[in-house]
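So that we are looking at the same thing, I have put the structure below in structure tokens.
By letter and in written order, the chains are A, B, C and D; residue numbering begins at 1 in each of them.
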Amino acid sequence: MDHRKKHIKAGIIGAASLSAGKLLEILVQHPVVEVVTCVSETSPGAPIARCHPQLRGALDLVFDEYDANKLAQCDVVFSCKRPTETFSFIEGLLASGPRFIDLSADYRLKSSDVFQRWYGVKHDHAHLLNDAVYGLPEWHRNGIRNAVLVANPGCYTTASILACAPLLSSGLAAATPIIIDAISGVSGAGRGSKPENQFISVSENVRAYRIGSHQHTPEIEQEVEAIVSGAAQPGFSNQNEAHPPLKHLESRVRVLFVPHVGPYKVGIMANCYLRLAGKTHRITDRELYDIIHTAYAREPFVRVYEPGELPQIEYVTGTNYCDIAATYDPRTETIVVISVIDNLIKGAAGQAVQNMNIMFGVDETTGLL
Amino acid sequence: MDHRKKHIKAGIIGAASLSAGKLLEILVQHPVVEVVTCVSETSPGAPIARCHPQLRGALDLVFDEYDANKLAQCDVVFSCKRPTETFSFIEGLLASGPRFIDLSADYRLKSSDVFQRWYGVKHDHAHLLNDAVYGLPEWHRNGIRNAVLVANPGCYTTASILACAPLLSSGLAAATPIIIDAISGVSGAGRGSKPENQFISVSENVRAYRIGSHQHTPEIEQEVEAIVSGAAQPGFSNQNEAHPPLKHLESRVRVLFVPHVGPYKVGIMANCYLRLAGKTHRITDRELYDIIHTAYAREPFVRVYEPGELPQIEYVTGTNYCDIAATYDPRTETIVVISVIDNLIKGAAGQAVQNMNIMFGVDETTGLL
Amino acid sequence: MDHRKKHIKAGIIGAASLSAGKLLEILVQHPVVEVVTCVSETSPGAPIARCHPQLRGALDLVFDEYDANKLAQCDVVFSCKRPTETFSFIEGLLASGPRFIDLSADYRLKSSDVFQRWYGVKHDHAHLLNDAVYGLPEWHRNGIRNAVLVANPGCYTTASILACAPLLSSGLAAATPIIIDAISGVSGAGRGSKPENQFISVSENVRAYRIGSHQHTPEIEQEVEAIVSGAAQPGFSNQNEAHPPLKHLESRVRVLFVPHVGPYKVGIMANCYLRLAGKTHRITDRELYDIIHTAYAREPFVRVYEPGELPQIEYVTGTNYCDIAATYDPRTETIVVISVIDNLIKGAAGQAVQNMNIMFGVDETTGLL
Amino acid sequence: MDHRKKHIKAGIIGAASLSAGKLLEILVQHPVVEVVTCVSETSPGAPIARCHPQLRGALDLVFDEYDANKLAQCDVVFSCKRPTETFSFIEGLLASGPRFIDLSADYRLKSSDVFQRWYGVKHDHAHLLNDAVYGLPEWHRNGIRNAVLVANPGCYTTASILACAPLLSSGLAAATPIIIDAISGVSGAGRGSKPENQFISVSENVRAYRIGSHQHTPEIEQEVEAIVSGAAQPGFSNQNEAHPPLKHLESRVRVLFVPHVGPYKVGIMANCYLRLAGKTHRITDRELYDIIHTAYAREPFVRVYEPGELPQIEYVTGTNYCDIAATYDPRTETIVVISVIDNLIKGAAGQAVQNMNIMFGVDETTGLL
């Protein structure tokens, strides 16, 4: 319909970041979105295409200062700022009208106590946490549709939860403990000029970091709990989503999350090790496949692998897909689920656009295939 | 002493391989070794430095055909052939005099049944398995000293066993199940022109393979069993080594080993997940450090990290070191031990030279620092 | 217009190659193209998405055997075969109806003698060389419109000619000698499992090859000659293109072309060194910019950089752009023109689609932005 | 001789830099050198092995503050500071006794005017420039022997001059103009956390920079002039070196130097394009080889390739070698000479040790093979 052409006006805050660059790449080609303002307080007035060279010729805007009036005219605002950096503007922005998709961690956790424990800072806007919807479409689609504030999931969390959720939801796998050994490309660390992200430090190297203390740990635990409690539901059902068990704000689920950085730019692989729940001791790879495949049968961005096939990071690079394979090791009675995503797309900008599409009633795959 | 100059005559079989190239790099600089023959049946007569350009100017030999007389004059022969490829010459070679260090998997397993199950081939020389000494100096030094046939450990096994052994030996960690999630550079696959090792397939990618079915699994399990049974002992003790429990040739230990290939040339990181044995539920990182540090206090090639420090692959690249750090996650009651090695050095050629030094009474670090 | 939906039926021969994979990525998203057959004689029946994992979920076809009837139903056929491999089918294919875009070098050179000298093989279909149109839209757009057989340019040639042509066409730079020092990612070598393209041989390395003897040399020389003679014309003029000087089939232009392979997947940088023609000894970077910018002012896929800016390979990765910057070194009286392209897109599949768009009267950028 | 054990006391200023790390790697294994102080004013008191992890276990020192007394006890002091940073201490240091090897550009140029033009800063110690010896052993060995102040050459200059010098010295190639198109790994930029050296900016990318304006240009021109004037002489002659033509401090030689950064850590390839001098129009690759090979016949660290062979960067990685190959392109009457070095070794730390060995009468290859 011609009258829908460019009917969503979008603004981006923190527009000089890597994930904002990817978001802009997607939005400039999105048939119904018009980008009206890109806020970068470090370099207002600078051409956006100088910061994001891949946009040269495709986007002629310059970075704006934060302009409340300009943002108020947007239908949706994305923030690509770092944790706690949304606190200064969130209330004003929401009051002025736009729906808000936050790519930071500021509204992902339901408990402000948990936020404070893992981020080391008191949450200034704890009352927003209950209204915020966790923007993982495959498990929170209903909530996302009408949400005013969507908390776009962490990259590691997206890969981890999509991998484990069907086996947890079905009751096959035990919810605790779960070991997740993951590796990410350096773009996960953003564009900041840290010594450890210099080519000289990354190339021909792998390093682990924050073993057991990475801030995506509580996010994974919260979502595991939501899944096993039924608060998060797969698919396209129309029932209203509620989070009854999440009033017990702290999860009893325990995940050991061990992240690594590898010598490549984009992509995450999550290797998830789960135990069987209950008394089962035998399960086939085919049964694992069936459970996961059934959960995601109608999902446009999840591809489940037949037994014997394994995903690789490059299979999803540049896409919004999450690819998943599961196998059972009878010798140690352990389930291994491996998932891969492009951390800047399904792990950030692509998922944000998927959420936007859902929020505005646009076909969910628009701009993403 | 001048009369010891170049007193060890060495031969190499399978000398065109990557690990042989690294072995030659070390041996041409080794003060008491003279390389007398390098066998490569695919390219006899070709200059070795054309195959291994890093030797240009340092080694003027050409590849030889397999010449039993020439090999018989060696004090030590290294084989860098692939599994089962030593079967055609092993008996003749040993009968002719030289001591033998095999870098393949042919003599690492004590059980010919286990060999057959994991390598898919009947072992032609099963009677040699009991005499062969597993060439991990830190745990089999006594056996190595007088060994005629040393089975140089697998790269993944070296990293995994050095990481886990002290905690197993001390009884702190449970021997089964153990999860080991490891990543290797592509040199682990050798020089063969496989499509999956092309730059186009490896760069900007990570892939898992042989989950739970990699052939280093039984090797790790055998050594875990040797350690918990006391058959393998740390350090420099003078007692004769024996393998009493290994007459029960099959280990009851169960390890889930999940290997990956990452986009870099050399280096392995092993992430080992162990549970506490017995009723202990609390242990500090300092206690873990103390156990591991004590076990390796006199080892020249193991560096144990203080709590809070983590090894990275590049810290050991180009060296014979194994660097190890351990941490305890109280939330999931899991011990994480991380170790890194250069897979071509401590995981292959360097360890072979370390074994040779021990066998010939040369200072163990000669040529390796 | 709805009736134009999917109105171009396309076939691909040599569909298992890297460039075919990229071509398929573009075509499956192209709004008016339907892919009807993908020929791969090495693996007929195999799912295409297994060979090209990025197509998983987007293309459900399997590879076909070569089927003359199926190809005859196509409006356009692309060949991604290697040089001389089109000779066996070209006549039959053209007789059966489809227009043909060849990504190999088989129809790029106007002289069969030159072909034989550089490719070492007699040209079986020399009579086709005069009718074939060299598929560089920026300089042969008129010819491409009505062409039955389009010879898609070489990757190095595309980068080199786009860089040098405006300065040659304007008479500012001398046509001979020209030095072009270029570097390509390994995808330029295709998917073949050659030892020199293994990760272990490419990573942390750069190598030069075929200095002065690379087969793109005569292609560059032919096009330089076409440009200086006026046979090739920039832009969108409607005059019929003719090749009068190309009856002197051999160029007197002399180019020294020195290619390198660097440790990355995609992208070419061409560094072109030209001398000033005539008696001029002074020219400013701004004047160079003006000449190049004017030549390409209406080109959708050429971006010319202002003085002081330099293109980088990643600026064009994943795009059909060629980015160009020129600078004059008064100390040595040398012009340096640097251009970058994605060798698989503007250097192969993207340019092929650009040609197809021109041939079928579709907007030239369709599927490419 | 035992009494020579550790008879050279060495100090390093700027010891936290990448080149200092490589220098320390070499020196800790050097049989007659004792490292007595490592100055790093940014982190005095910090363990050196934390900054240079490859030294863990090999060097137990901590970084010192600048201590004139400690440095005065050294026989030799190396500085790895950046240009102009030696000005504050050079006079005091030299007056206190040690011989000095500077790895910066501060004393490489004979003309303080040229220094000021290219480095943008007035030279504070111009009177030292005539006494400083340019530390390229292959062409200035005599001067180095007795030098108090050695200016260790730039990395690009080392590769470029070693490649071109024999053909210039013999009169075969014209001294001007010369085009040098070079590519370096990112370690050439040191350890500074610049955005352009982040992995995300370097990987899968190549960029050119400072075309015609890189500060190694005048250094190359000065040495070309020294070679063609006979002021620099190859080999081991015993005549006293003098620089008569260098009183005309400014070279009339003109070099166009075009540097690039590629996606790898270490190594430089210089592609040098020269014209034949005089009326010669024909020369064979064999003749080129003979000239270059003869010039370097006794050089321990230059390897000249037979016609048909080409060096690759990885052939010299980790070594002090410079590998060189030359070919003549009769079509454009251009000589192409390609050379490769490890920029941190022959281009910095290795060459510095080679100079030290010459200065102290130690075998020139000690610690470097």
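By our rule, contacts are C-beta pairs under 8 Å (C-beta built on N, C-alpha and C of every residue); 3 or more make two chains touch, one makes a residue touch a chain.
If you're wondering where the values come from, they're calculated on a predicted model, not measured in any experiment.
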item	value
Most distant chain from chain C by Cα centroid	B
B-C or A-B, whichever has more C-beta pairs in contact	A-B
Distance from the mean Cα position of chain C to that of chain B, given in whole angstrom	49
Chain A and chain B: spacing of chain centres that average the CA atoms, whole Å	40
Junction residues of chain B, two or more chains touched	201, 203-204, 263-265, 312, 314, 317
Topology of the chain contact graph, where touching chains are joined (line, ring, star, complete, other)	complete
For the chain C and chain A complex, residues of the former touching the latter	29, 53-54, 56-58, 203-204, 303, 312, 314-315, 317-319, 321, 323, 369
Interfacial residue positions of chain C with respect to chain B in the complex	18, 186-187, 191, 193-195, 197-204, 263-265
Partner chain D, residues of chain C touching it in the complex	176-179, 181, 183, 185, 201, 203-209, 211-212, 254-256, 258, 260, 262-267, 269, 271, 273, 310, 312-314, 317, 327, 329, 331-334, 336, 338
